[in-house]
Amino acid sequence: MTSPRHDGRLPDQLREVRLTRGWTDHPEGSVLVEFGRTRVMCTASFTPGVPRWRKGSGKGWVTAEYAMLPRSTNTRSDRESVKGKVGGRTHEISRLVGRALRAVVDTSALGENTVHLDCDVLQADGGTRTAAITGAYVALADAITWAQAQGHVKKGAKALTGSVSAISVGVVGGRAVLDLDYPEDVSAGTDMNVVCTGDGRFVEVQGTAEGAPFDREELDGLLDLALLGCALLTEQQQRVLATPAP
Amino acid sequence: MTSPRHDGRLPDQLREVRLTRGWTDHPEGSVLVEFGRTRVMCTASFTPGVPRWRKGSGKGWVTAEYAMLPRSTNTRSDRESVKGKVGGRTHEISRLVGRALRAVVDTSALGENTVHLDCDVLQADGGTRTAAITGAYVALADAITWAQAQGHVKKGAKALTGSVSAISVGVVGGRAVLDLDYPEDVSAGTDMNVVCTGDGRFVEVQGTAEGAPFDREELDGLLDLALLGCALLTEQQQRVLATPAP
Amino acid sequence: MTSPRHDGRLPDQLREVRLTRGWTDHPEGSVLVEFGRTRVMCTASFTPGVPRWRKGSGKGWVTAEYAMLPRSTNTRSDRESVKGKVGGRTHEISRLVGRALRAVVDTSALGENTVHLDCDVLQADGGTRTAAITGAYVALADAITWAQAQGHVKKGAKALTGSVSAISVGVVGGRAVLDLDYPEDVSAGTDMNVVCTGDGRFVEVQGTAEGAPFDREELDGLLDLALLGCALLTEQQQRVLATPAP
Amino acid sequence: MTSPRHDGRLPDQLREVRLTRGWTDHPEGSVLVEFGRTRVMCTASFTPGVPRWRKGSGKGWVTAEYAMLPRSTNTRSDRESVKGKVGGRTHEISRLVGRALRAVVDTSALGENTVHLDCDVLQADGGTRTAAITGAYVALADAITWAQAQGHVKKGAKALTGSVSAISVGVVGGRAVLDLDYPEDVSAGTDMNVVCTGDGRFVEVQGTAEGAPFDREELDGLLDLALLGCALLTEQQQRVLATPAP
Amino acid sequence: MTSPRHDGRLPDQLREVRLTRGWTDHPEGSVLVEFGRTRVMCTASFTPGVPRWRKGSGKGWVTAEYAMLPRSTNTRSDRESVKGKVGGRTHEISRLVGRALRAVVDTSALGENTVHLDCDVLQADGGTRTAAITGAYVALADAITWAQAQGHVKKGAKALTGSVSAISVGVVGGRAVLDLDYPEDVSAGTDMNVVCTGDGRFVEVQGTAEGAPFDREELDGLLDLALLGCALLTEQQQRVLATPAP
Amino acid sequence: MTSPRHDGRLPDQLREVRLTRGWTDHPEGSVLVEFGRTRVMCTASFTPGVPRWRKGSGKGWVTAEYAMLPRSTNTRSDRESVKGKVGGRTHEISRLVGRALRAVVDTSALGENTVHLDCDVLQADGGTRTAAITGAYVALADAITWAQAQGHVKKGAKALTGSVSAISVGVVGGRAVLDLDYPEDVSAGTDMNVVCTGDGRFVEVQGTAEGAPFDREELDGLLDLALLGCALLTEQQQRVLATPAP
């Protein structure tokens, strides 16, 4: 119980988190997010107009795509473009990221505009989907600020109803820990990804027993830890967004 | 709070659940599962041998594929075979069903054998993925019994370490309800799918805020309800499995 | 010559045929057709409007898709959606079913409306394509009745110019037999599928020598038998359609 | 009845048929077949060895692929390679050509060798599939002769048990005619493709009512005509094969 | 230096080149081009109208697709349509052919019309892409003449600003040679494809060191040879185009 | 003639070039290459063993894949994985990078080992393919050093026979310039990519007239400039490789 984690962290300690805004020049929002060695490039592409099925609704659309570069992991994976299809895991995470971000968007206030969020994993060391959500929020915020400055979105409109961040928690060596890196992820008995709003409510809870099923008490402990982690990430998002976009 | 649900059920009441074993003749396990009007054909195909990457491990493999027939829903959907790719939702649910069933399989006891679970939705009225898991367990149990009778799996081996079932819960009209049908699903603020073992532990918890984010108290209420629902389903699974396979 | 067929039928005897209307609730026409153990779910989906290339023609469109569930057969087949392409046999039968049904549709009387026929084989024991055509006709008739009741198609319009059914015939053990089941199909020297209208004319004749080529006399015998089989199926279609749709 | 056909032919007259052997240099058998303006390049590629599923059987394999060049027709069609999938019609004809040729191959005598038949339509004017089968037979015969000369197939072995040819017949302007060109094909009420062996037996009969269903008498007339057409083609195949391969 | 090439040609000698116009009947321009044993069927399909992205621009579009028939080569290749994707080499050559032809088209003079160039290799013996470009130019010229006669393109408009041809050069056995056939291509140290206009300027230069890198002097020698080869091809193009289209 | 370039560079001046080794942790070689604002992540993945078709040859294999992230450009492009196929331009550049690197690899000295080079464009501002080749060489060098240290490749073996770099040159505003950025690339009349070895010989020369065809003199001027540019890049590659891998 009292042995330290393999990298010396406390059970409820995040890895070093960095959010670099304006990491590339073209996108309306561009953030490099790092959770320790996990590095994800998040871009928000703002386009006036919406897909055909949404035209005339007065509402906007936010969608996300997640992908891993072939050598972001320890062993090279084949490209999904070369295989000619998107894999199940990629599909699943892309959908998760999209839902998470839409939870804090008022599409009416956004107006008939579309934001594509692209989260490309440059280096993976566990927690890529939670890093992606956390970084994508900052990119989205910058893109909306840009759109308001450009007049695509009304100045007063509150297109964002709040903020969103995400963290993983899990049971490793019989103990609940926060923000698992890859070695911890592999050995975790239970693995849970939690998406929260900045005011501490849940947007998504996804827990999976990798080994033995878990009971209610373990679940409760993990949820506590996740709320804590998201609160820390929210703080950091607010800090980086306190200055104007680069 | 006290108004009845649109179909007259109590908040903690399942729809009528039916599990028909031996529904088709070819598969080693074949179950038609019905949760009210939701009807899913679950088959378990047992094959000696394992995929190449697992050869020589002494361990078996269990995998699942979920799909909806084009007119299982109110409006016809295009076939994924004709579109040439499996959609994100299909991918996601197939993976969920596979993980759920593997949670109660001892692959060493199964030996180098493979079970394919196919869950095809004939009619959809909400809860197709939870019905699929609940029915697939029964089909899997029958397939393993068959394999033991045939000598493919050792007689004494406990290839199944327990049972598994799944149910949806959600907040509809401000109230937590069990086993949402399609009209409830559409209007639910929060939607959660929970997979439990027969002894009441969690295998998977997937909760999503469709509208407003949900707080810890709501989450706790939903988890209580889900545990109850799974207990009822477990009972029914045990009852139908008490007789020999047809 | 005088030995009975492996299941005791006479050479010119159909398997037990059942046509269950209203088998599922969503489609405008929904029929479960059974030719012995062969079971095909046929749905007719009626949609106002036509594909772009037919707009403004005043004419409707009827199209069909056939597919087999992965474990409808004795050995599991991979899903075509997962393989990412529709196989040659599936393509061929889908086209056959579509042509067969269009042969009895007056697309001008149908008006600019589309009917999608989906024929999904739940259990296969020979004759799936002929069962599909026979069942799809009943589903189509119900969908058109529905559309007339809804006012999508003019009340007086004769969108159906007749009925259509289909049967297989073949030479098994040197003898011409009607409605081959799977074991007969496998051992047949010649295999023929015949689609007829209710008034005994041919819509489609497809005969293939699986083993030795066949001569004119054999062909004549098979055609006689097929006309008889289709007449029996027509009678049954008329009987089930004599009552209002469920 | 007595008006000539649009190109002056008699009802039972073929278009000018040409079979040019050795049309290209690389293949083991290479034939340009012309039925009037219809031109199909047929190649037979002989490869020692068989697909994996047939290894150790002692038997060979013959398979066929049919395709149309994008501007073989009056209006350009998109390439199936660019669309990323083979269309239903292409699939259907490829399968027909393969079955037709396999009907005259003794795969045991062929030994564990594979012949790929490729039929590429350079110019289409009706009857492309029947021309393909008729030409492919000659290419196949040349490839087998080559393989026997090379010692891949035993000298005495009768890998070909007979010859095969194919012709279309149809009802045009109320009259049964042989070998329809494109304008006739388009206006035909009934369209039938017939594959026969050199000794006048049927390998495949495929008749389709394009307009009104057809009765037994019409069918009989068409079959008579088809047998005549195939006999004429057989004669021509024998004549060109009487000389050594170029 | 003084030994003859394997087929007896001089270093700066083309193979026999033939350009047969009107080779098939349907296309607006149809040319069979032969560089020795290399044979490519080039068709130009003229269609009024342009792709959506170019509508209203007043400008036309010219695009090309190159492909090899499966047995155009010594060993059969799988069809790209069956593999479900276009290979890299095919893509690359299609793009090259398109760029080459667009270099001599004034799309404003062409007006809002599209020309599809299809280059299908019937027999390959080296130089298929250069033959394709050389033949496609003649087909394009015929299609534009046709379009002017039909009134689709203004009579006076100079839609073609010049002519274009292409040739390969390479270093074989230490010596620069013109128009490599397949055996030379395989043994070439350096291989270069050059596209020139009729007035001797470059449209495209693509040189690749297959073995050792090449120096500036070698490059200069190859460019000299290529200019000579293109001049000879230009002359031949002009000669065949001097007579009216067949 | 004497006006400066839009960013103030001299005609023969490169943008600022940076080569950052060890940019990510997992790959055996990992380089971030920057040509001004163009940023490409190049990884070299070393795997013992070769593809099946090369087994037993004693020789290794080097292959490359190039891709652009969806928002590396000014306007977002759809992902090729989502579209289900690799585009022509991507294919073409991947093949170019592979050929370029293989030109300096002695596959016999490499032994039966494979190196995958992945070049992913994070930000595009012209010259992505030349930056990719220049960076990939450094990643490849690091991977081979690693493999020798690990004993996968023999210590003394000279798996690299030289170095390789690439640069673009073009005619912009009537003047030959080196290393075009995106605005220059768009307005260039002629565009050429040149790959050279460290000792100043050519591996690949690809020149395209985007506007008017170019003459021999212009071509000569561009080649001079390209040789200069590659020499400068070679120097920088040598400088960064002079220190041990990070």
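Per-chain numbering from 1; labels A, B, C, D, E and F assigned in written order.
Here, a contact is a pair of C-beta atoms (placed from the backbone, for glycine too) under 8 Å apart; a residue touches a chain by one contact, two chains touch by 3 or more.
Chain labels with UniProt names: A, B, C, D, E, F = Ribonuclease PH.
Since the structure is predicted, the reported quantities are computational estimates derived from the model, not experimental observations.
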- Message: Shortest hop count from chain D to chain F along touching chains?
- Response: 2
- Please flag the chain sitting at the greatest distance from chain E, going by CA centroids. B
- If you average the CA atoms of chain A and of chain C, how far apart do the two points sit, in angstrom? 51
- Taking each chain's centre as the mean of its CA atoms, chain A sits from chain B at a distance in Å of 28
- Note on the structure: Touching at least 2 other chains, the residues of chain E are 84-86
- Task: Would you identify the shape of the chain contact graph, picking one of line, ring, star, complete or other?
- Result: ring
- Chain ring listed from chain A, with chain B in second place: A, B, C, D, E, F
- chain F residues within the chain E interface of the complex: 85-89, 91-92, 94-95, 99, 103, 192, 196-197, 199-209, 212-216, 219, 223, 227
- Note on the structure: Listed in rising order, the residues of chain F that touch chain A in the complex are 24-27, 30, 37, 39, 41, 43, 45, 47, 65, 67, 69-74, 76, 79-86, 90, 116, 118, 120, 122-123
